[in-house]
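First the structure, which I've put down as structure tokens, then a few questions once you've had a look.
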Amino acid sequence: MPRNRLWLPPLALLAILYVVWPWLGGSPFLVNLITGGVIWGIFAVSYDLVLGWTGEISFGHALWFGAGIYGVALLVQATHIDTMLAILIVAAITAPLSFLVHIISLRLRGAYFAMITFAIAEFAYLLVQNATALTGGTNGLTGIMLSPYFLDPNFLYAIPAALLLIFVLGLRAIGRSRSGRIVHAVRDNPTRAALFGHNEVLVKGITLSASSALAAIAGGLYLAYQGMAFPDAMSSNTGFMVLLMVVIGGADSIWGPAVAGIGLYLLENSLTSTTAHWSLWLGVVYVLVVRFLPNGLGGLGPRRLWAPRGQTAILHEGAGQSRTKVRESNLE
Amino acid sequence: MTLQLSALQASLQGAPVLHAVDLDVKPGQVLALLGRNGAGKTTTLRTIMGLTQQTGGHVRLDGRDLGGAPTWQRARIGIYFVPEDGGVFQELSVLENLRLAGRGQPEQVLGAFPELKALWHRRAALLSGGERKILALARAALSGSRWLLIDEPSLGLAPAVLRRLGQAIAALRAEAGVLLVEQNLRFAQSVADDYVLMQRGSTVDQGPIEALRESPFFAQAMSFGSGEGDSA
Amino acid sequence: MIANVVLAGISLAAFYFVLSAGLSLVFGIMGVLNFASAGYFLVGLYAAWYMLGHGSGFLVAALAAGLISGVTALIVEFVMLRPLYRNPGGQLLTTLGVMLILTEAVNWVFGPQIQQEPMQGLLASTLPVGGLPFPVYRLLLIASGLVIYLLLVALLRGTSLGLKVRAGVESQTLAELSGIRVLPLRSLVYALGGILAGFAGALYGPFGGVYPGAGTDTLLLTFIVVVIGGLGSVGGTLVASLIIGLAEALVGFYAPNLALTVNVLAMIIVLILRPQGLLGRAPGRRDTHAA
């Protein structure tokens, strides 16, 4: 076995332990909690493609999570098809839709891109709230006919974890591949990448559309987890939360956001009962990470695991600088 | 009393672009910094202003090393940079642009730059290219700077405007030393006293401007047949 | 009746102007989309409410609220934003964190419930306008908006400090090349942004309510106004405030649920077609050619 595959056996063991744990008497409460955490882990991984891979700050990622929730809810309601199939169909529809939205949004830079993503997501959120006939408005959609395997808490617990593992390993492999290097090259120096024939908007548009599809899968799983769809799940707060997770976990490491997504979800849902001010501490930790740990908490771990490409961190000095003001470029 | 660059090195986004720049500008002197596109002329000016990351060597003013002084400090101790596009505030009026330039009364410049009178309250964005450069030089005069760094002043100007610009630069040298980056050889020869040639990030030769064509580096450094400069 | 609706729209516009002018200026000079503004708004809202409850007059409470928010902003700028001077992405993310922290802090101290703003006397009364009662308080909003606008114009157009700020808004590099120290100027504008947001918070209480979610609830509206007006432009902010305020009053009069949706749509369209805003000049387009 090559040295760089040494982590495989322990990982496989961990995966098996994880799956059989509920049958060995894991507490149903914890099983349920962890299920939610893992789904948020997938959501966080999807946002890492935005912040980590494209280097753009989007405040509208909740839109794609919501697209998964409502898309799957409506599709299952209308056709009664298999839930997992519905999730995949919705993800497949989300990808081109997101590509279109982002091709338009990517005409804008920096803060303007952040703002248009925010506005589009808020617009969708308002539509969902107001289109009562279709979405049930603030009452949400309930009584979704989920496939039986999603009704068994132990399966519901295992499926997202399997998907998360596939996504994390797959994305890390893609990140190291030629395509991944192109994505990173475009992020680090779009002008230079353009000289090699890589169109910034196209490369970022594709990355963002993949990210949205993953977010939609997370949303579909979240629907299965909750059994109902509520507009709050796609509010701006959801978008902020996933951003916090990725920043704290460490943008661009894929693992970091996955772990942070799970961890912060678990903390939030176990601490809100004991400390009412969990969000305050979360905010403080987040601000400190932005200030002092450009690679996130994940950056504190062994380098080989967390930052395999030795790339420059997104949040380092100078990142995004060239896009702050067009006028300044006159002087260069 | 010199602006002195010695073994100056600088890099852009981590890539070295200046390797060894050596030159002196004395008061009253107009020194033309010549070389082909990408030789590092503009970067040299930007490095003097602290706008480009200096990685080695020295920028000295009257013997004092400017070290890591921020741009605003360099401006305040008397180095004035006129970028290619003139570097005036487009959203501000001519008067406001002058007010920001220095301690003197804006009206003082009317003697040397009477054409600004009619444009006094016009927004700089509405000025022609030549007017904008005249405004930039008027700001330079008003700032009382003892060193002027002028980047490609001739770019895009008609011959008549260019003559006026030459006069203005000649007037400024009474108060200051001028480091002039220029592609237009004829213009450079008409205003400069001396030249410095740059090639791939380093200065390679210098001398009086009359001797420019005799320089062994001339053909190479100017990528010979640089007719674009001559014909402008 | 229509006169009443229009006047209500103008009063909303006045409020939106106070709410957004600071954000617009801060973006102009720092290039930072200041989410924290929603936090300073909230601090001002609660500060004014607290003082009103303890016997202070409304104007004193509102001015004090502005001051407290301004000081908060100054501290935030000094401790958290200044170290990230050359990292606009980090600054943007930090302001989001500040917003969350301030919102939670207010939630912690004052609780999540909606508080009653104690309004009495003339400010709680109404006047008949177009056959319908019109709250006198809304006239105060209009007056406040107007005064703030005139003060800002006087500051920016009439003082040398204002001239430097406008220079810095146009180009930080050029300003530094003119010997202007931009760093303290940024702190100053940032604090001014805090003051305006806090004052807006104080104005919001009597008609919007006092609750911890007020900051994030108004955030979207602020963004709409500054985008349509053009980031960095005070005149643009005023025009955009009028458009949005009147649109909200008129659309809201006929279809209350649609008002915000229509305004968000307007924001998206402006961002796509004219990212520099209706009156702004600095484009936000991705440049494909520049180095």
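Residue numbering begins at 1 within each chain, and the chains themselves are lettered A, B and C in the order written.
In this section, a contact is a pair of C-beta atoms (placed from the backbone, for glycine too) under 8 Å apart; a residue touches a chain by one contact, two chains touch by 3 or more.
Not measured: the values here are computed from a predicted model.
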Worksheet item: Which two chains are joined by the greatest number of C-beta pairs in contact?
Response: A-C
Item to complete: If we define chain centres by averaging CA atoms, which chain lands farthest from chain B? Would you check?
Response: A
Discussion item. Report the chain ID whose CA centroid sits closest to the centroid of the full protein CA set.
Written reply: C
Worksheet entry | Interchain centroid distance [CA atoms averaged], chain B/chain C, Å | 42
Discussion item. As a quick test, compute the distance in whole Å between the mean CA positions of chain A and chain C.
Written reply: 31
Worksheet item: Could you state the distance in Å from the CA-based centre of chain A to that of chain B?
Response: 50
Response to the item:
Shared-interface residues of chain B (touching two or more other chains) are 51, 83, 87, 90
Fill in: Residues of chain A engaged with two or more neighbouring chains
327, 331-332
Worksheet entry | Residues of chain C whose C-beta touches two or more other chains | 170-171, 173-174
Discussion item. Give the list of chain C residues in touch with chain B in this complex.
Written reply: 160, 163-164, 166-167, 169-171, 173-182, 281
Response to the item:
So, in the complex, the side of chain B touching chain C is made of residues 49, 51, 70-72, 75-76, 80-81, 83, 87-92, 96, 99-102, 125, 139, 143
Discussion item. If we count contacts the way the header does, which residues on chain C are in touch with chain A in the complex?
Written reply: 27, 31-33, 80, 83-84, 86-90, 92-94, 96-98, 100-101, 104-105, 107-108, 170-174, 216, 219-220, 223-224, 227, 231, 257-258, 260-261, 264-265, 267-268, 271-272, 275, 282-288, 290-291
Worksheet, complete the sentence: Touching chain C in the complex, chain A uses residues 55, 57, 59, 104, 106-112, 114-116, 118-120, 122-123, 126-127, 130, 191, 194, 200-201, 236-237, 240, 243-244, 247, 276-277, 279-280, 282-284, 286-287, 290-291, 294, 314-329, 331-332
